[in-house]
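Sharing a structure below in structure tokens format, with a few things to ask.
Chain naming follows the written order as A, B and C, and within any one chain the residues start at number 1.
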Amino acid sequence: MSRGGAIASTLVGLSTALGNALVSETIARKPGLLQSLDPRVKLTGLLALVLAAALSHRIGVILALWLGATVLGLLSRVSLPTLATRVWLAVLLFTGVIALPALFLTPGTPVLSSPDGKLHITEQGIVAATLLITRVETAATLTTLLALTTPWMQILKSLRSFGVPQEFVMMLNMTHRYIFVLAESASQMLESRNSRTVGILSSAAQRAIVARTAGVLMGKSIELGNDVYLAMQSRAFRGDTKLLTGFRMTSRDFLALSGFLLIAMIAIWLGRA
Amino acid sequence: MSYTAVFAAHNVDFHYEQVPALRQLSLTVQTGQCVALVGANGSGKSTLLRLLDGLCFPAAGSISFHGEPLTAANLADNKFFLSFRRRVALVFQNPDVQLFNPTVFDEVAFGPLQMGWSSAEVISRVDAALEMMGIANLRDRPPYRLSGGEKKRVALASVIVLDPEVLLLDEPTALLDPRSQSQLIDLIQNWRGTSKTVITATHHLEILEDIADRVVVLEQGSVTAAASPQQILSDSELLLRANLVHAHRHRHGDLIHSHPHLHSHSKHEHEH
Amino acid sequence: MHIPDGYLSPSTCAVMYTGAGVGWYASLRRVRRTLNARLIPLISVFAAFCFIVMMFNLPLPGGTTSHAIGVSIAAIVLGPAGAILATSIALAIQALFFGDGGITTLGANCFNIAVVASLVSYACYRLIASNAPLISRRRVFASAVAGYLAINMAALFTAVEFGLQPIFFHDSQGVPLYAPYSLRVAVPAMMLGHLAVAGLAEAAITAGMVAFLQHADPALLSAASGGAAATTAAEPIRPNSLRRLWITVALLMFLAPLGILAAGTAWGEWSLSGETHYTSSSPSSALHRLASIWTAPMPAYAPPFVKSASFGYLLSAMFGVGLLLAGSLLVQKLWKRRSTAGSTP
């Protein structure tokens, strides 16, 4: 690998993740189907569909849910290439590799055997692998749609209205906020290290740099945390925040919610054992 | 106009983990004054501002606001706390510290919500503040998509929405491009002459005449001089000693000549 | 070891959410009581820090790279309650905002990575470092061990959760509905990767940061020291809520292997008798060899089931339980000693 291999790839990783985050904010503001719904409806509805996919014993039902999710995505200005690159390929690679041995290791009726009779692919193995992959793909598609079409602030406020304790919501929000601040800090530190090294760095040296960067980052994090608390106090914070709640369900939202729940229930019924 | 002291600090000592930051500092600020706190890094400017904002408390000495002592006990009283927090506002040097809400609107609304104002009032005041700072278009923007200048303006909006009487500004021009800087200076000049008290900590000497009637010099945690901007700026010995300017050395033939040098300050003339 | 949606059955997810919920509740109560509102921004920023650290590529001896989680150093600096909250928040944001990691499995991930790893890390660190001075090699060593064990324990829990899926959740044809590997496959498969690689990554980051902090800001290490904590108020520590947490965790752990035994078919689901269907020689013989580590030394007069591969795996799980319990009991003893001695200055 190049001289700062791990460092360079960390930098790439950081900027990719942040870049993706910014893209999702763009999608969340487009005029699409999911974007127009109350975030609480989305949260409940999409999770109900994930549950339906999780409960199903039948691949057909799961595939139908996957198709439905894709259609929802298209109606919400989330293109097929976006879904493919952000969700489907990654899941296929990761879960595909994990599911592969199941073809051989699941006991049951052999379907394919190696010439020497030692390796068998069983029917149960094929079904198990397919079930796993389709389930993971469907769930990932649905949760990604939720994340892409809902601005973070709305997710937080819905969580609050579902009864998540206020401290958690505050912490979720501030963490999200400071991920970007710290990511920039970390990138700058790593970049300056990277540009100042000449020649190939040993694995131990790279490790040391990463650990040092993490250490400095932690120091900055704590300082930032303390300063933020002062800033909050300065604006009259003393432990509990009051949020402006602004959600009102329209009839369209109720309709969508009923739709989601109905489909989920049908799917669960069709996919039962 | 009759002046009354808005802040009175007497012999204040303060340290961070055994390192002294303020030593026997005494200072009085009158209502409606525009004061500039100047000093090198580490001279105690930021610390003083935080003490004036009741965010930390002196180890020795006292600070009072309109005669009321600023102590932890006093600030524990709900009424005084809310009143003080509304009347005194601090803008931190690092705007990221002050932007901890999901969107610009939420950020500016944070203070008013803490004050317990009604939703309708909060919304109208926030919109007004955004208009005033010229950032109404940034209403729904998350903070990580703001430029440095925009962040500063959001930070300012989030404090002026409460219509404070006192503005404490910590290095407000730091990290700003020239145009944003001049916009900020315009803003401070708008406050000059009103009944608002503005205390600006800065080491940006060129703007002193624009933003302050009175300059207070801090060296190593104590006040060493307090005078008009013109007087301070013409005292090159003081400026050098307080590490506010650097000595510039150059040769004239066989002579090596050194004098205090302030970059970009109108004329550059010296005696040989 | 983040578990995506679809690998665990909904009932498993519900159980794990409950376990995680206990952890969150206890930690929140502790934070509210002893650490006050000031820690809200601190925990948030630490969560952000964990999130970023999870993205660091760490090169390891041998040419591989891996990722650390940062939960171990969080436990050392913030204490277990703060670390549980910070890591859970980082995981929640990964799932909800970045779409990375399951939402139904968020409870399981938080339980394994936030709760278990924090507790193990804190317990190990306290046990090994005990009253050594803040700036000592012993603390660095303690933190490395803490990081290593914490991650491996989290991996063990994850592996057990995976391995139980085909046993409890399969259809009438015998098709596993979720994670398709039994304990005998899942446990070694997960553990090997973490014992050999990921554990080292966490150990490296944890030890590296403790060493760094010893020079840069030793006060940060005092939260988990034997002496006074830098961030808490001068109050005696009352470990009640966390003790309940320990007991719950311990119970869950005991019930898991007991549940296996009670289910009867359980471990032996794809036991030796069923192997004749499908064996491909290499995996199962390797597994047998691993299992025999536990069972081989058993004396000749031991009952036959003790010698089976299945029992060997059960013993590995029990070992994990024992470690966790021993650690928790010792930590409790340390806390009691600390509060009765009236430690804070």
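The rule we apply is simple: a contact is a pair of C-beta atoms (placed from the backbone, for glycine too) under 8 Å apart; a residue touches a chain by one contact, two chains touch by 3 or more.
Computed from a predicted model, the values in this text were never measured in an experiment.
Colleague: Quick check: which two chains are joined by the most contacting C-beta pairs?
Modeller: A-C
Colleague: With centres defined as the mean of C-alpha atoms, identify the chain lying farthest from chain C.
Modeller: B
Colleague: Which integer distance in Å separates the CA centroid of chain B from that of chain C?
Modeller: The mean C-alpha positions of chain B and chain C differ by 48 Å.
Colleague: Roughly how many whole angstrom separate the Cα centroids of chain A and chain C?
Modeller: Here the centre of chain C sits 22 Å away from the centre of chain A.
Colleague: Calculate how many whole Å lie between the centre of chain A and the centre of chain B, each centre taken as the average of the chain's C-alpha atoms.
Modeller: 42
Colleague: Can you list the residues of chain C that touch 2 or more other chains?
Modeller: Where chain C meets two or more other chains at a single residue, that happens at 41.
Colleague: Taking each residue of chain A in turn, which ones touch at least two of the other chains?
Modeller: 152, 173-174, 176-178, 181, 224, 228, 232, 237-238
Colleague: What parts of chain B, by residue number, touch at least two of the other chains?
Modeller: Residue numbers touching two or more other chains: 100.
Colleague: For the complex, which residues does chain C have touching chain A?
Modeller: Residue positions touching the partner: 4-7, 9-10, 13, 24, 28, 31-32, 36-38, 40-49, 51-53, 55-61, 63, 65, 70, 73, 77, 85, 89-90, 92-93, 95-99, 102-104, 166, 171-181, 185, 204-205, 207-209, 211-213, 216-217, 220, 270, 274-275, 277-281, 283.
Colleague: For the complex, which residues does chain A have touching chain C?
Modeller: So the residues of chain A in touch with chain C come to 5-7, 9-10, 13-14, 17, 20-21, 24, 47, 50-51, 53-55, 57, 86-87, 91, 94-95, 99, 101-102, 104-108, 110, 118-120, 122-125, 127-129, 131-132, 135-136, 138-140, 143-144, 146-148, 152, 155, 165, 167-168, 170-179, 181-183, 186, 203-204, 206-208, 210-219, 221-222, 224-226, 228-229, 232, 237-239, 273.
Colleague: For the complex, which residues does chain B have touching chain A?
Modeller: 50, 53, 55, 81-82, 85-86, 89-90, 92, 94, 96-103, 106, 109-111, 113-116, 119, 122-123, 142-145, 158-159, 162
Colleague: Quick one: in the complex, what on chain A touches chain B?
Modeller: Those in contact with chain B are residues 22, 25, 151-153, 156, 173-174, 176-178, 180-181, 224, 227-228, 230-238, 241-244.
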